[in-house]
Amino acid sequence: MSTSSQPLALSAGTPHNRSLSAQILDVTGLDPARCYQCGKCSAGCPMASEMDLKTHEIIRLLQLDMRERLLASESIWMCLTCETCTTRCPNVFDPAAVIDALREIVLRENPGLVPRRISAFHSAFLDQIRANGRVFEFGLVASYKLRSGALFADVDSVPGMLARGKLALAPRRIEAIQDIRRIFEQCAMERPR
Amino acid sequence: MSRIGVFICHCGENIGRTVDCAQVAQAMGELPGVVHSVDYKYMCSDPGQALIKQAIKEHNLDGVVVGACSPHMHEKTFRKAAAAAGLNPYLCEMANIREHCSWIHEDRAEATEKAKGLVRFIVEKIKYNRPLSNIFIPVNRRALVIGGGIAGIQAALDIADGGREVILVEKESSIGGHMSQLSETFPTLDCSQCILTPRMVEVAQHPRIKLLAYSEVESVDGYIGNFEVKIRQKARSIDVSKCNGCGECTKNCPNKKIPSEFEQGLGFRTAIYVPFPQAVPNIPVLDRDNCALFKGRAKGVKKQVCGKCATVCGRRAIDFDQQDSFITEKVGAIIVATGYQLYWIGKEQESEILHGYGEYGYGTIPDVIDGLQFERLASASGPTGGKILRPSDGKEPKKIVFLQCIGSRDRAKGMEYCSKICCMYVAKHTMLYHHKVHDGKAIVFYMDIRAGGKGYDEFVRRAIEESHALYLRGRVSSLTRNGDTIRVQGVDTLSGEPVSIDADMVVLATAMRPQPGITSLAQKLSVSYDLHGFLNEAHPKLRPVETNTAGIFVAGACQAPRDIPDSVAMASATASKVLGLFSNEQLEREPLIARVDRQTCTGCFHCERVCPYGAVERFEVKDRKGNLIKVIAEVNQGVCQGCGTCQATCPSKSIELDGFTDEQIFAAVNAL
Amino acid sequence: MRNGEAAMKVGYFPGCSLHATAREYEESLKAIAPALDLQLEEIRDWACCGATSAHSTNHLLSVALPARTLVLAARQNLDRVFAPCAACYNRLASAQHAIEHDKKVASQVESILGASFGHPIGVLSIAQLLSEMTDRIRSKAIVPLKELKVACYYGCLLVRPPEICRFDDPEAPTSLESIVTAAGAVPVKWDKALECCGGGFSLSRTASVVRLGRSILRSAKDSGAQALIVACPMCHSNLDFRQRAINRSAGDDRPMPVLFISQLVGLSMGLDPVRLGLNRHFVNPQPFLSTISAGRVEHREQA
Amino acid sequence: MSVPAKEKASSFEPNIVAFVCNWCTYTGADLAGTSRLNMAPNVRIIRLPCTGRIDTLFILKAFERGADGVIVSGCHPADCHYTAGNYHARRRFAVFRELMEFMGVDPQRITFSWVSASEGGKWAEVVNSTTEKVRELGPFVSYPRVAHAQVK
């Protein structure tokens, strides 16, 4: 899985508390040193076959503090949060939570690294909530397609959905939408510890 | 000649279902020499045994054959019954018509025929059985322990506490072995000296332990219970009976720059020295190779050079002309506990199969040290007072790289075995380092982590999770100098990442090897050893501390790489074996051993060559005047285990194994 | 447990899909509730749980959004909230878990919401809710399901992770099986009951969803099941709506009807398939309905 | 020089003698018994302490006394109870094979095998396959030649 041309040079006495591992420990309470690389997480991961870095490799790069490669990897966006890894890890480690935390770090530090379709989806989805308090699926699909550029994928499904009464064409907004707006504002402001 | 009784057992239905026992008994009754033949439901039951006893008396039997289960099951039972009725127990034998007949066949007629055949074999064989009586060998109830490391110390103390005398032979000037060099010990991290020193003192003071330090075993004769050992007491140049350990000589010796073996070359000693302050016995030894006086003598200088030590010694204990002396001890058992040495990566290796590591600079790069050197650096009583400092410039290393499996698991340049303890001591080293140098980084290259002991894996996890040692999976390709650092080039196979580290210090976890000279000692003891010189146990599972030579035991790292808990457990096991052996004045053994016919033996000694136990000895036949007539074979009853290989080999059929003589076997075959 | 007792009231959090793509799920729940003496009290003015998008991007947001719903539930004096969607259930239960176990997050969220947490709320999945009522389901099951063989599909989040769900075995669950058995169907043994369906990647990584659906459907078919029983709108959408694409990619034209567990329970009670929303499925349920003589639905083929 | 005539009577039941060591094969055969492994009834065991004790003459004697086949079985090479007895036995058997042929005994009539104390199944297999093989070879008829060879 090596891509870098320079060998990893483990910096002199990198204090443990400035590493990416330390950041993760701070956010999740999980110390990546705990993982002993058994690979059981990857073995059960439904997305492993599509990932360039498998779940255990994500944790390994964390242990090696290979920040750039890890944060630029598409794999951290492929996780479905199905919790299979977390449920099965023999070390009571929680890779799913670690991956979530990594995503958050990327979004904060370098949002340009998020794969376009994925960021499009999440943005579209969260926009829906921010606007209406709930997800209005037709709006979600439309907004996602505009953001992702995947304009024509799935268009044939719209009539089928409509015919089955499964797509509402107008959004329904909740009453206390100001609550939701405030939540969004404050959560965006709150720097994770 | 014979009056044989045959007893056929039904074993309830077990035999009776497929074998017509009555018919077998009847057929056997018709054989010549059989005077009594019956069948019975349960022969091993009390009434069954009574039946035998009664028949022996009633019919005056001189042989008993029980056709029943496997002799492994009940031979002892029936022999005891026979003996109780006054018949020599070795005139009773079993024919196996259960495991080897009724249980493996269905056809009743066939099984019955076969059962007859099997019993007939034994009936014919027993006609040639001789009454035999158990052999008794006198036991000299004192033990010899060779090697005064923790294993030897433990064994000696256990035996002495058990009430028997022990002679402890240590080749160095002090006991203690490698454990005395260690700083703190896994898995509990207690201080090695603190737990070892009291035991060493106990050895010195024990009334039943005779400590012979600076001594070596010269030769061993005899056999279990009756060994005679010649011990060489090497010349210390000091009269032990006079020296009071005051240390004046050491203080005044001008020759102070001799690299100390105890400090693994990281510190210095004088020419007359005590290896470490807690040494037992606390008596110096004069290193003649490095003493000015002896160098002067060697050069032929007429005038005496130096001699300061003798001048300052108030006790006049120093004896420059002392010679090696020899003593002989008689012991009944021997424990070998000679421990280990470490592999070194240098070019000059004493064995052809070892090569050293050119890619690691053959040990010439400063600040590339081995595990024992690290122990000395970490030891509070070590050359740096417990500070981790580089040997080259005394700086505190901020980045240490530990390499595991150096020389171990390496068929090309080292040994193929795993040294078993290094994974643990490397984890320990990273912890000690972390405790002492908080901003330091320990990086470990490992291949597997082998930590299979109670609390061991948890210990390694602590090193990783709490002391934040970074473990990289892989073997390092090369170590090269890079300014005053060492460039370590490796790969982390888990991530596939090449890794290059500029380390301040590199510690090699080098392989554990047996002590030099072990093979010649093993030959003196007739104990076998493996390709690498580790002594062989008699059986890896069931007789792990015995050797193939009766009365000789192994403990500690001389048998295989062992840590302290293992070494001590083995030592105590050997002690219990020895105390068990010593619990009787005589050893009782089954008499199924070989016997030489002195008339016909031609003295070819083929038997001697094939005997796996070295039980065949040479016996000189002399006439009345004491003139040697011939040399023939004789079997040492204490040593022979009764395999019979000699008999099958003897060209003149002069050596016979009791219980399985040619006559007996041919009789059985003839009954076919 | 509560089996056999009188009417049970629980808070109801339908979540966004039950008002849209999974309408039939809500229809069937509403249809069977009276028969089970189950009162579903919808949480007033609930908002979306934030789903994958919130927890993938902002941990605090992923707790705050469902936490608001839990606060509302407490205000409505509810002890337990039922979330039929497995994903919503996971978010609500995770939020409750964080509130109880992560003091720091809890206080942050309280200040964001400008409200304090009242009594702890039990969050229920459909598996948990219905497995408490198996006696009632059994007593109301009047239509013989004729030993109908079904594969119960949990998906990833219904019983996982265990420290959050604290219900059923996370690796070998049996709750759905006990429910379908009570309804008169026969659960088959199969391998993929817990494999993820691809969840929220339906739009963004459709190919992955097709790949995952393929192995789930193949295993269900090979086990001899006549229908797949699900308990999550996302699973339903990925396996029903996407089934045509999945089957096409697998070169396997055996259709496998995908029913919500509430629909199956409804059928066992003799409820009209249309009332249960079976007409809204993409995979035609008719052949399967006919085998248990459960009436007809009008089915539109997928374009 | 092998046995010329192979009169195979269909009813022919070979007599086979097995020389086995006490520690491994005998115990393995015991295990076959405790495991109730059914096997051909043609083999009779003679117990010796070790294969090292087996003299080549025992085998010749067995043929002379009417055996049609012989089995020699002991511990696996590294497992000898007496550490090296079976090693000597093996060396002897190599020479012995040639001697057998010279004596007019088809070496196929002798099976050498290693059966440990835990290999009850293997013992049954050795018994059955040897019985089958010897049955095919037919009765051992060159007895007179052996008898002439001045065996004790």
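As written, the chains take the letters A, B, C and D, and residue 1 is the first residue of each chain.
Following the convention adopted for this analysis, contacts are C-beta pairs under 8 Å (C-beta built on N, C-alpha and C of every residue); 3 or more make two chains touch, one makes a residue touch a chain.
Owing to the predicted nature of the structure, the values given are computational and were not obtained by experimental measurement.
Undergrad: Could you name the chain whose Cα mean is nearest to the mean of all protein Cα atoms here?
TA: Looking at where each chain's C-alpha mean falls, the closest to the middle is B.
Undergrad: Could you tell me between which two chains the number of C-beta pairs in contact is largest?
TA: A-C
Undergrad: Could you put a whole-Å number on the gap between the CA centroids of subunit A and subunit D?
TA: Measuring from centre to centre gives 72 Å for this pair.
Undergrad: Measuring from the mean C-alpha position of subunit A to the mean C-alpha position of subunit C, what distance in angstrom results?
TA: 24
Undergrad: When the C-alpha atoms of subunit B and subunit D are each averaged to a single point, how far apart are the two points in Å?
TA: 37
Undergrad: Provide the C-alpha centroid distance between subunit B and subunit C, rounded to the nearest whole angstrom.
TA: 67
Undergrad: Spell out, as numbers or ranges, the residues of subunit A touching 2 or more other chains.
TA: none
Undergrad: At least two other chains touched by the same residue of subunit B: list those residues.
TA: none
Undergrad: Send over the residues of subunit C in touch with two or more other chains.
TA: none
Undergrad: Could you draw the chains as nodes, link the ones that touch, and say if you get a line, ring, star, complete or other?
TA: Here the contact pattern is a line, an open path with two ends.
Undergrad: For this structure, enumerate the chain pairs that meet the touch criterion.
TA: Here the touching chain pairs work out to A-B, A-C, B-D.
Undergrad: Can you check the complex and tell me which residues of subunit B touch subunit D?
TA: Touching subunit D: residues 70-72, 96, 98-101, 103-107, 110-111, 113-114, 117-118, 121, 528, 548, 592, 610, 612-613, 641-645, 647-649, 657, 659-660, 662, 665-666, 668-670, 672 of subunit B.
Undergrad: What does subunit B use to touch subunit A in their complex?
TA: 398-399, 439-441, 443, 461, 464-465, 468, 470, 472-473, 489, 492, 494-502
Undergrad: Going by the contact rule set out above, which residues of subunit C touch subunit A in the complex?
TA: Against subunit A, subunit C makes touches at 16-17, 19-23, 45-48, 50-61, 64-65, 68, 90, 104, 108, 111-114, 156-157, 160-162, 170-171, 194-196, 198-201, 203-206, 208, 211-212, 241, 279-282, 300, 302-303.
Undergrad: If you look only at subunit D, which of its residues touch subunit B in the complex?
TA: Residues 15, 17, 26-27, 29-34, 36-39, 41, 44-50, 52-55, 57-58, 61-62, 65-67, 80-85, 88-89, 92, 124, 152.
Undergrad: Mind pulling up the subunit A residues that touch subunit B in the complex?
TA: 1-2, 4, 7-10, 12-16, 31, 33-34, 36-37, 57, 60-61, 63-64, 66
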